[in-house]
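Listed below are the structures to be examined.
Common to both upcoming complexes is chain A, partnered first by chain B, then by chain C.
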Partner chain A sequence: MKDQKLTTSQIFVITVFSILGVDILVVPHDMVSLADQDAWVSLILGGLLLYAGAIPFLYLLNNYPDKDLPQIILQVAGKWLGRIFLLPIILFVIMYAALSTRLFAQALKLFLVDKTPIWIMVISLVVVAAYMVYKDVHTMSAVLDILFPVSIISLVILIVLSLQNIEPDRIKPILFRNTKNVIKAIIPGFYHFAGFGAIAYFMCYASDRKAAYKSYLLGLGVPVFFYVVTTVICIMVFGVPPLKVIVYPTLNLSKSIEFQAAILDRLESFMAVFWISIVFSSLVIFYYISVRNLSEFFSIPNRYGKYVIYSHILLLPIISLFPPSSLVVFEYHDRVKYLEVLIGFVIFPIVTVWAAIKKKRGMQQ
Partner chain B sequence: MKKTILPIILLLIPINLLMLTGCWDRKDIENRGYVLGIAVDSYSPKDSQVKGDEAIKEGFEETETAIGQPVYEMTIQLPIIKRSPSLAASGSGSSGNEPKTWQITQSGNDFISMEREMESRTSLTLYYEHLQVLVLSDKVLKDGLDKMIDFFLRHREMRTSVSIFVAEGSAKKILEVVPQEEDHSATYLFELPINADKNSRIAYKHNLGEAMNCLRAGDAFVLPKVEASKDEIKIKGGALIKEGKMAGWADELDIEVTNIIADRYKGGTVVGRLPGSKEGIIVMEVTSAKTKTTPIIKDGELSFDIHVKVKGRYAEQVGVTSGRLVDKDFIKECEKEFAKTIETRCRKTIEKMQKKYNVDVFQLNRKVRTQKPAYWEEVKDDWDEIFPNLDINVKAEAQIELIGVMK
Partner chain C sequence: MYGRKYGNIKLTRNMQDNITNIKNAMNNNFDIKSKEFKLRGQEIYGAVVYIPSLVNEDLILQHIINPLMIESSLLLDRDDPILFKTIKDSMITAQNAQEVESLDEILFAIMSGDTFLCIQGYEKGFIISTKKYLGRQVGEPVLEPSVQGSQEGFTETIRDNIGLIRRRLRDPNLVFQVHKLGRRTKLEVVTIYIKDIADQNVVDEVIKRISSLDIEGVHSTAQLGLHITDSPNSIFPLFQVTERPDRAVRGLMEGRVAILMEGGARALLVPVTLPLLVQSIDDYCENWIIASILRLSRYVGLFISSFLPAIYIAVTSHHPGMLPTILVLTIAGSRAGMPFPGIMEAILMEVTIAMLQEASIRLPRVVGQTVSIVGGLVIGQAAVQAGIVGPIMVIITALTAIGSFTIPDYSLGLATRAIRIPFMILAATLGIFGVSMGMLLLLIYAADLESFGVRYIRPLSPYRSSDLRQTLISSKKSSMIERPVFLNPQDKQKQSKVKRGE
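Now for the complex of A and B:
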């Protein structure tokens, strides 16, 4: 298993897709609800926080070059405490994957396929993801490589075409008597970058570690950039008061684009390419992570690994279909993100410091 | 290995056959009813004078409401697309008299029920992705645009680029126009504002998205008013909307000034008196215009400086056969004259909006909000009292770049 290597560019793609998820559809609404027209400032600051969390994290990974996150945690914190640390991570990953899929299916139902039941969309997505995880890391990242340019290019097209509708005045006044809200919105802004830790499950396959670190840090910037730009564009196109009520502003953005010539009517069906592939990619990554987590948690040997994959085919749809209505899904989706803060600001730092102390002791001996 | 794969494949084939042959949302294109335009009128009880087929039709238009009384009347326009190709081919000879659109009217107090009631009158599934215009009657607007717009904003198929127009009296009448060139009056109406770069008397932005923004932010705005004859529609002035309700009519000249001040002036004509003449008229064709609106606060008093700069061609002179040569000095005088007309025109409309209607249709409050936020915090609740007494200084500047082919 360890002889497969991921190239530096594949690490970059995995980094981008692990963060860029279903949030791209809701980020402008969520952030504007909290910080009005200055939402983008909070997002930038949240992005800085992301880097602040990611750099010590790399230090941890560097100490254990051939292990992935659950293995590192179990080694550093021991059998029992390690499992306690692992528990919120397991919970977060599986909830995040399931709820993202549900959010995505909901948006798909709302905008494209009215009569298709949500369960069929969720299950078909999960089954395809299961097949990719069943193959191996190499296949996964090869598929992500194919989806990456398509989704990024169509996202860029969306942004460029929206420029014709913008009214720059709507973003003003900048930071006027709003600093308190902006600061309050930094942590929620950081939530949207959930998944920056996903790389810990792939770094052990990197062929060139030094270059992989660099491409990881570079890759973190891509989602930050797209979230900030999408938010700014949405504010300029819709204005702050409507954004507070539009549920999927990015999709409405693609619906509001208009051409003088009628050759490209209904651009939003074309734009579905970017968000479907983005959500699918992040599902695949989180699927894999969840499988790894559970395998390590229950110490399941490699040859039985496929049964963990199969179990997810049931587990993910059950969790994602559990919330009865779309408003409840949003509520759960928000709550799950508190786990991310616990993981990002409590568990990762403790493990990192612990690992550093252990290393020092080992050197002294 | 091979032994295990074969049964799986055999199992997958029937599953694929079942699952991949179609989808839940399959809808044949000829079964969709493409709604091109919607007109909303307020409900008025039918007179019982008509007999026969007319009376039956009026009976169809009534919806039995579950709660309350009918308030609105919605009319949708569907294009008539001949289903059978042979019929379409044979009908081509005498197609001149056949109607090309079908208007369905239904009354009720909520739009979704009206729409569902219509589905009992047509075999097509109504489909709104291609909706282009929404025509509202002034009565509906006076009752409140904010009251009824939710259906159109919440609907998943309608897009924010749907144009809104206002009709005085009956909105249904606008959709019933049989246009000369286009097949459907909705398409005709939708494409009318394309000439906004030549005729600045057309209210510029008037779609659902913009209306939603203004309604949510509590800003006043203007929607274009349309009038119709049997085969023609004209955009004529606009309806002023304040706090979600219609506050009055603006005429075409007001709309032009609104466009100038909002910096949406795309082109048009400026007319002035010929220098040194009492009857002659000179005309300038505007090719580009730029307006800068600056809020100024001096000793706690707010005032506005509006600087309009228009560039264009010297287009025409009327009433002079052997006038002066169009030279540098003459053009200078003309530029002054044009600037003066723009200033007077702007002042007139501004005063009308301030004193007569008290509607901030220029959206000056947005300028204060974005550029002087501290002051806005203080005055945002009394904007209605502040706006009519605002000091608005208009300064215009005209520049003639071309004079045509003659001196």
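Now for the complex of A and C:
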């Protein structure tokens, strides 16, 4: 009698959390390094690119209403080719999840718990996420539903409180002799929206698919909005040159706020708590996706699914703690995102077109 | 009823044998009384068997013995043979006489306060209901006092309790379903629901769980709740125990099922979700703005009661930078010379508070005052002056205790007490990060629970504005048109949209 389907609002929340993740901590730094004060323009264009990728993707999902992504790929492309297509997705998801966790643990070490070793944080995040994935999709979605307002409200508070420090002039000149960089930065901008495909693993549980598509498209806008606004605010608060050297500008942003009500002196450790809910939510989603991917890749029956979950408790921390220094993590984190382009603009279109052809043939017969 | 031992024994034509059989079955206890008499002065003997402490003896005299011996002789012709049917139809004036044949039924009836009437020469007898309802009067609710609500609470007598509900809900669709529970206690358990509101699946599930219970017996309603709960290991209460008839009626109208038990002065309401446990009946008596504030303040109380000591420990021992410098200095100054680390102080205080609360429940009310004085003095003054516990820690502990008193549900309050110490340990080891991880774990745990098929954290997820407005906060009476949908009521609309003056 437990709720059998995900409601439209739950699809919305999952969409937002699948994209909104640790990237929000680093997005201003990354983008400003590429496109200076016009970074936000590239982000908006990257957001448009996101929609360009998402809409055909929905077409694919619509053809296979009761299957999730690995099942669709295996059905469309067959046993062997399908597995080859699946491989980059598996790699991307697991690497992204692991490295995001590591990035976040590093940020926590810098801003919240300076004495706690990184591996403890990584392992506890992964273990709690494992406990979450061990429950079903509906419980997961319920937890995300509760974390959602907490996360969004904390982001809004951060943005509103930062307004006292802004100097709007810093964003000027807009697009002045910088168009080339802006265009170059579109693809890296798009990288930050990694995870838009995550919905393919949840759409099969949606109760009302038509409304779910709408809330998916709406949900994609939320992280784009927050990334753009955070970047704009960071530029206005810090200016371009300092931003190029600040690694976690969003956390520094909360540090720059002088909170008048003086119950909390340093907002950044307080905010770090709320980042946990954001990063945890995205970790959970990626964790679940990775479990689904591996289960389908090795055709593991459902009753052994929990062993796939257990294996991730080992796998994720190993990948996550593999990079020896924190700088290397950033490098890896950037490189993993090339896989996203491969997935978003090679694999998804091929599968979609293939599926369309198959459908046509099926109709002709 | 009592198994094969008595089930096969039937009544015989010999009345004396029957009475002996019954007495033997009940081990010839001294309190079983039997009285023999002649019917209408003829040579026909009858007898009544009963337990005096359970029956209304006046009733037996006036409505059974008196009519059979004397009054009926005026009505009936003296020469008419006295038929079994005549006795039932025209001789006994007591209400509700039922024919019985087996010893099994008779025993149960006598034990529950009915009287067995036996006539010489017949293989059957009568069970006549002569129950006397011993017990206290309807009194004020002790555990759930309310400012604006009614001042009546359930009693130990199930008949009074049903009356309390009936008086508040005059709906023919109100259904009472009686079960007998317990191998030995054989108490009545009544499930109550409104047929056209309650979700039939929930009703079926409740009835299935109660009727499939094979236990020795229970002696309180909450204990019954633990027998039929979804997850016996849950630290959160998965059923609502209430002693307020108005809350029970409220629950019935939300489409929930109430369970009453003979001898238990509480009602169980299922299914229940966390936000429902934070509601109080007073919320319905105030303007929606005030009611919303009251409700939110209870959520704050719930949060403080569960997490405040942990957060204090985490902040002072791991992140003093989070607090303003002056406050940090104050705290550090007050803690100068303290022998124990923060976590030990907190656990010490926590244990003391827990003992105090327990002591004040167990002690007779006359001495109860002493406990609070001793406790307040010892903890507040002496501990600080002796330099065992810092004054700020005392404030934190006091705030935590006050927070836990705002929670309307007693069991939920105990749950917060149970999670407090684990969170303190997390805070002492991993700081705020540990507390956050703990909260996430707790959230996942709570989100996975369910009470009779309803997820425990509904309606916080999935969002539905009408449900949220009615449960999380409060809303204008005129805008509460629908019943909360998460309880899956059949009749969704509870009032019409018509506004005043239209």
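Going forward, the second predicted complex is superposed on the first by the 356 of 365 C-alpha atoms of A that agree within 3 Å, B and C clash if a C-alpha of one lies under 4 Å from a C-alpha of the other, contacts with A are read in each partner's own complex, and residues count from 1 in each chain.
Definition applied: a residue touches a chain if its C-beta (ideal position, glycine included) is under 8 Å from a C-beta of that chain, and two chains touch if they have at least 3 such contacts.
Being a predicted model, the structure only gives us computed values, none of them experimental.
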Have a look at where A:169 lands relative to chain B and chain C in the superposition and call it first, second, both or neither.
first
Which chain, chain B or chain C, ends up touching more residues of chain A in the combined arrangement?
C
Classify the contacts of A:252 with the two partner chains as first (chain B alone), second (chain C alone), both, or neither.
first
Quick check for you: in the superposed arrangement, does A:132 touch first (chain B), second (chain C), both or neither?
second
If we overlay the two complexes on their shared chain A, which of chain B and chain C does A:113 touch? Say first, second, both or neither.
both
Just to be sure I read the superposition right, which of the two partners does A:239 touch: chain B = first, chain C = second, or both, or neither?
first
Between chain B (first) and chain C (second), which, if any, makes contact with A:273: first, second, both or neither?
second
According to the stated criteria, A:327 is in contact with first (chain B), second (chain C), both, or neither; which is it?
neither
Following superposition on chain A, which residues of chain A contact chain B and also contact chain C?
112-113, 115-116, 120, 265-266
Chain A contact footprint on chain B (complex, rising order):
23-25, 129-130, 156, 159-161, 209, 212-213, 216-217, 366, 369-371, 373-374, 377
Per the contact definition, I'd like the list of chain A residues that touch chain B in the complex.
110-117, 120, 169-170, 172-173, 176-177, 237-242, 244-245, 252, 255-256, 258, 265-266
Which residues of chain A touch chain C in the complex?
1-3, 6-7, 9-10, 108, 112-113, 115-116, 120-121, 124-125, 128, 131-132, 135, 138-139, 141-143, 145-147, 262-266, 269-270, 272-273, 276-277, 280
Chain A touches which residues of chain C in the complex?
201, 205, 318-319, 321-325, 430-434, 436-437, 440-441, 443-444, 447-448, 450, 453, 455, 457, 460-463
